[in-house]
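Got a structure for you, written out below as structure tokens; questions coming shortly.
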Amino acid sequence: MCGIFGVSGVPDAARITFHGLYALQHRGQESAGIASVDGAGIARLHRGMGLVSETFSEAALSSLAGDVAVGHTRYSTMGSTIIANAQPCFANTRVGPLTLAHNGNLTNATVLKAKLVEKGAIFTSSTDSEVIVHLIAHSTASTIELQIRDALEHLEGAYSLIITVGRSMFAVVDGRGFRPLAIGRLADGIVAASETCALDLVGATLERELMPGEFIRIDDGRITNLAPLGSRPVSRCVFELVYFARPDSNVFGESVDRVRREIGRVLAQEHPAPGAEVVFSVPDSSNAMALGFSQESGIELEYGLIRNHYVGRTFINPTQALRIAKVRIKFNPVREVIEGRSVVVVDDSLVRGNTSKGLVQLIRAAGAREVHLRLGSPPITGPCHYGIDTPAASELIASTHSLEEIRDFLGVESLGYLSLDGMLRAGRHGNTFCHACFSGQYPTPTHADLVQLRHAAPLIESTV
Amino acid sequence: MCGIFGVSGVPDAARITFHGLYALQHRGQESAGIASVDGAGIARLHRGMGLVSETFSEAALSSLAGDVAVGHTRYSTMGSTIIANAQPCFANTRVGPLTLAHNGNLTNATVLKAKLVEKGAIFTSSTDSEVIVHLIAHSTASTIELQIRDALEHLEGAYSLIITVGRSMFAVVDGRGFRPLAIGRLADGIVAASETCALDLVGATLERELMPGEFIRIDDGRITNLAPLGSRPVSRCVFELVYFARPDSNVFGESVDRVRREIGRVLAQEHPAPGAEVVFSVPDSSNAMALGFSQESGIELEYGLIRNHYVGRTFINPTQALRIAKVRIKFNPVREVIEGRSVVVVDDSLVRGNTSKGLVQLIRAAGAREVHLRLGSPPITGPCHYGIDTPAASELIASTHSLEEIRDFLGVESLGYLSLDGMLRAGRHGNTFCHACFSGQYPTPTHADLVQLRHAAPLIESTV
Amino acid sequence: MCGIFGVSGVPDAARITFHGLYALQHRGQESAGIASVDGAGIARLHRGMGLVSETFSEAALSSLAGDVAVGHTRYSTMGSTIIANAQPCFANTRVGPLTLAHNGNLTNATVLKAKLVEKGAIFTSSTDSEVIVHLIAHSTASTIELQIRDALEHLEGAYSLIITVGRSMFAVVDGRGFRPLAIGRLADGIVAASETCALDLVGATLERELMPGEFIRIDDGRITNLAPLGSRPVSRCVFELVYFARPDSNVFGESVDRVRREIGRVLAQEHPAPGAEVVFSVPDSSNAMALGFSQESGIELEYGLIRNHYVGRTFINPTQALRIAKVRIKFNPVREVIEGRSVVVVDDSLVRGNTSKGLVQLIRAAGAREVHLRLGSPPITGPCHYGIDTPAASELIASTHSLEEIRDFLGVESLGYLSLDGMLRAGRHGNTFCHACFSGQYPTPTHADLVQLRHAAPLIESTV
Amino acid sequence: MCGIFGVSGVPDAARITFHGLYALQHRGQESAGIASVDGAGIARLHRGMGLVSETFSEAALSSLAGDVAVGHTRYSTMGSTIIANAQPCFANTRVGPLTLAHNGNLTNATVLKAKLVEKGAIFTSSTDSEVIVHLIAHSTASTIELQIRDALEHLEGAYSLIITVGRSMFAVVDGRGFRPLAIGRLADGIVAASETCALDLVGATLERELMPGEFIRIDDGRITNLAPLGSRPVSRCVFELVYFARPDSNVFGESVDRVRREIGRVLAQEHPAPGAEVVFSVPDSSNAMALGFSQESGIELEYGLIRNHYVGRTFINPTQALRIAKVRIKFNPVREVIEGRSVVVVDDSLVRGNTSKGLVQLIRAAGAREVHLRLGSPPITGPCHYGIDTPAASELIASTHSLEEIRDFLGVESLGYLSLDGMLRAGRHGNTFCHACFSGQYPTPTHADLVQLRHAAPLIESTV
């Protein structure tokens, strides 16, 4: 998953973008980057590995002059963890410097890349996003707008894009609308962001979210609506609401906080826990779900798990002898809340199951009499091809084990998954959601091309 | 404030200490350090600026051999932000290498330091803790135990200490017992920690908390009880329970989570908010207080503020023109929860008042109809001399303004401070608490010596 | 100017390349890089800013597996000082990973680049060398050899190249032979290097230098001679012998040391200094010239200037008040040698004249009675378009001032430039040398295309 | 060995010190540091590992305010390679901040340290220099001058010191005068430096060198002569002239360049090489010796070895299979000069013999018919206890092998060492030189105390 942010027509656009990315940090912590364009059309770029706050210094931001900027936070789905894969991508094209930030995942990138390499294109990253840049550069269409449209017509899969060419900015969402992209107004300019919480942070007011297939051009803070992309059945990613987006964002027209509380309520209806004395969340993404569960069921809400927010990215091995569970480094149970009680634990989802198993053990060790696990989404049975970093089916516990086996593996008295129908109802956009990872109904053709071709053989660059 | 942690009699003690410090990170983020002692009595030390996870690499931990270790996380109260002030302190003394980790603040450090300098002692840091090391090294007592006792008899103020000399470890809490220090068992050894959450993380079981004046020696994981320090009236820091400690810790025999929920209940009794429709906390330290308030008052709990946990330590100036409030970078309101409503906001305390004022503005901008602020502690009217980094009285809003002036400054419909009596009741140890910063009743003599003497003129070292 | 080095058919080729680059460090200190190719044809790359010894750690070298490698040290002539411009260049092409190291300068790069951008090519650096990579990738010829030949046919200017495609290595020198490239044998493999001193360091034995237009292929340490490039009038760079190459190298079949001593002798014949008592060089590049001058003239050689070899790259401003001349940081006169004497100072060349002026002032301040400056090359009146970083004509003192004006500016009693004829005689290859910067006779067509086109507008990347 | 530099009474003293240290870099490359004192007597310090140019940035220098400064470049003789050992040492004493830079080596440091530790002194480094700081701080004398004198009276061995206490600066040389210390004038102030080349670089004029036992005080650029230290037989280190100092310095009243040329002449008299055709030096320290040898013998001087000045400090292992001699990385022979000839190679000294052996092999491989090695100093048979980092006697080839065995080991046709008498004659101060490492006549008592005591057990600090 990734976060994207753009500004047009506001002085010091890179600095605004920095703060916008800051609010989108949860969408990607691997790398961050900002490109800016000044009044003369000169583009400048700064990218780095790690958090936004680590990547940018005052000096770096000050060097990014201009009133147009585009930024990106990356969590790798395709391509390795190297600086060459950090975005925005950039290119000097015949119509001027181009920069591009991409959220989503193309499903035909490998085929497109092979064709481009055949024509002499030189790739410097292993991302699918660079394919889009090459397609635009290779298009022989007469205007940059047509070049971009030409490129987009070749793409399959998920893409919300912010592109600058010279001083013009383009924003577009693929025809199925997998990923969100919101447009806001700030002073005399325009701001675009993956989530509305980023508009809030920079003080912009929400104008609207882009519709699936919507394609706009922004020049000096003025929007021109371009003809939309070819229409496809809408398939919004329901996981944005369940897990990915921040609760203070509005996504696909819905308050994420509201949807999650509603999920908690539906979960309490579908899987009540009659004898339980207390309900708590696995913080922070399921906080609202636990609250909804408590409100619906009448079971008292408490804070049973404390999360350590200082977790760094270099993991130090605890001594084997002591078997400090990895999960204990991140979460600590509150014995006062748990001891001697029958507890309901609400989490948003279950992927491999190992973290949850560790958590249950911690909770039991803190004295819980009974543990009832409630999950705010259905069993995940397949990978996401549209930008979320889920593992292969073989590693998904719900793909290989029955409900009873999972309950047994986790060691809980009861286990309740939200139903697909319940999730779609809570999300309020039932038939327009993509729920492929739960239902196996993938909205795009199959993906034989995800196999790496020989041409993509790795050229590993490890610059200091 | 600082966090301290020690291990004796457990292999790979530095690695255990690393994880222990990790759980104590909230007590100090300025610097971190670990000293270890191996079987031959050789001590090794690694210290650095920043978080525990940033300071220690696998290589650094691997170099810290031995089954004895002591660690420290520092938040400066006295002394500047430089590596020379990072702890543990260390010295080669005539009885072998000595390392020392200190939580608290001495109130006669400047006088002691001047006397030591007069005698030829050379100080390399500007901390009060180094004074203790020199006092021990200068003592002519016949055993190391007596040397340490000799040194402690000179100290006034707050100190919980873990000291190693050769392979022996000593743990002690000053006679008034300002700061906590818990002792646990792990495998065949002993672990000491500022808070029990650190014992939990490393998998140790709580043995007991040290009493005020208690002084113990630990050799190869075996505890020897030494004669206690001279008795003083007990004055436990109530702020440890209100604000500083983690909710999953037990401090002074109390569950921090329980005390905070109780504070919320008492607050609801003392300052109800009859017409309010929703109550939420300023996350995360007042979460339990808001929950208690909701439980007592029946007003619905919600999550009205989302905290960004990716805040780095290099602050980038937002553009002035846009006036992005600093507070907005850390917190974002959830409009869904707030809009059109009368809300109760629960925070743990009010220091200068600026952050709260900014928060109230954010909440109003998100559409709140009324804002009622409730504070889980009494007005802070004086500085702490015992280790908490409160500003001078002149910067404390409650020291210079009336209640009505504060309410007006913050721009809230109503403002309710917890009463001193209510706080002490919730903490359950009423007459043994230090509440000097609220009541002005300082348990130690006055502090004219806090004025910097000429001899302490700063020698600033800025090593790369 | 740059240094290039290649290995084929020797295990641990990157490590050999590291040592080879080490010997070529004088040809470029801005950046360094090595690409290696392993047995499976996987290419790996490591590049960095700064010296070879700073850029490569044991870890970096260990990661560069394989028995084929190519390396580069860069001193910028075209393109800015950024990591994106460090070489080797690389690309994933349809026939596998390609890496390329280039010494020289193309004179039609801008025109070629514009054409390639028109076709959709995306450039990621501002170097002329990347043009060659794109030309190869875009060629539709049937074999990689023909693709490379196809690309080379488009190039004008100076290029000595080492290229790898898959596991094959290619080495080629442009038809005029501006820059050297030597081939040696090492164990069962082949080594290529800009200068023979690099063959010496790795213990290889010189096989031969490539002739102008020579094009070879090396597979697993076996050389195949390919058809030479189209023939052009030979124009070897005479400055390689005068200034650039190391004295322990053989370049264009000549011992650099011998040529420089000979230059000193000719200089003594052309510009004797009858009354002078001592001759010394500006170390180290003119050492051999001063020796030759002494041998021919009979004037005693001494060491009158000591050079500080610890000069780092971050220049710290001396206080203005003290006016520490920049030149004094690098050179200090030996008063014992100079005081009261009439001295001959031998330097290799005079560019802007400022450094020499400063040196003369230092020498006078050390007590010289008379200063006679002798230069081992003719007046430089024009820029080099073939890879040496000389400034524009307007900054060249000999382009704008008469001999007498220069003598006056420098403040010397006499000034003697080597004649063009003398230089060519000392170099022994008179009519095959390029001496454009002295004579204005440029061997390639004019260079209107050196003007930067709009498409080349800079995209400045400053990755941490 | 170390370099020391001081400034009093010149604005921006730290910047001048930076440039002074730059000229003293050859005396120590392990660490560098500068302390400055401003008008209010506040001292500031910056130290780092590595070269002067690497340790100091503009920002670091700008922070070192004041018109008094002292600097140090360190090459370890006693104490490990850690930042805690970098100098200047510093301490806050009862008379104000003290900083100290030391060149030399104490021979009774261990005994003094043990006594100080017994009294409660806390050492933070493993250097002998810190002992001096503690002695000063512990002295109960009535003035700072008397405190320093008191401390110096306890010292045995070699010390040239620059000390600041408050705004006063003191400079002193031990009674035997092992190490040089020169005083110069700059603007309205005073500059002190280990060698005159540092005075030259900053534009100061030499006032005089301090005599053995001389002790001066400098306040605001005005010198006060203090009573000299107790008199001892003078023993100037002859190796300063032979090897250590820069040729452009005057040391002990002699031009280093002149002494070295004279050494070359004497060497040619003592050990002519009748049939030899060419003489060359091992650059750069023996350049002047080879010149003198050539002048005296009439054998033609050439440059037979080229030194690579880009040698970094991280040594990368060449592949074993290729056996790239370590020496080849630093030196390359010039075949043109050597091939087919009988050559005289002049080096300054022979320590272990390994480097010379490698050099001889390189020279033979370059085609030398005969190699005659001439050494500008007598056989080294014992370690230096006064600050030069010579190995133990067991590692000194001349201590364990006969002349013939050494000649055989090196593989040369003839080997000639300068005689002790010849060396002293060339140095012109015969009976006042220390030549202990050649003659075994150590001017101070024996050194049983050089054995490390238990109290000095290492506390290894590895701060990031």
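First chain written, first letter: the chains are A, B, C and D, and each begins at residue 1.
Operating definition for what follows: a contact is a pair of C-beta atoms (placed from the backbone, for glycine too) under 8 Å apart; a residue touches a chain by one contact, two chains touch by 3 or more.
Source: prediction; values computed, not measured.
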Chain whose average C-alpha position is farthest from chain D's own: A
Between chain A and chain D, centroid-to-centroid distance (C-alpha), Å: 61
Interchain centroid distance [CA atoms averaged], chain A/chain B, Å: 36
Chain centre separation in whole Å, for chain C relative to chain A (CA means): 49
Where chain A touches two or more other chains, by residue: none
Complete list of chain pairs which touch one another: A-B, A-C, B-D, C-D
Chain C-touching residues of chain A, taken from the complex the two chains share: 41-49, 55, 60, 63, 83, 90-94, 96-97, 117-124, 133-134, 137-139, 455-464
Contacting residues of chain C [partner chain D, same complex]: 11-12, 15-16, 18-19, 22-23, 25-26, 29, 51-54, 56-58, 61, 186-187, 197, 200-203, 246-248, 250, 255, 257-258, 287-288, 291, 295, 300-303, 306, 308-314, 316-319, 321-324, 328-329, 332-337
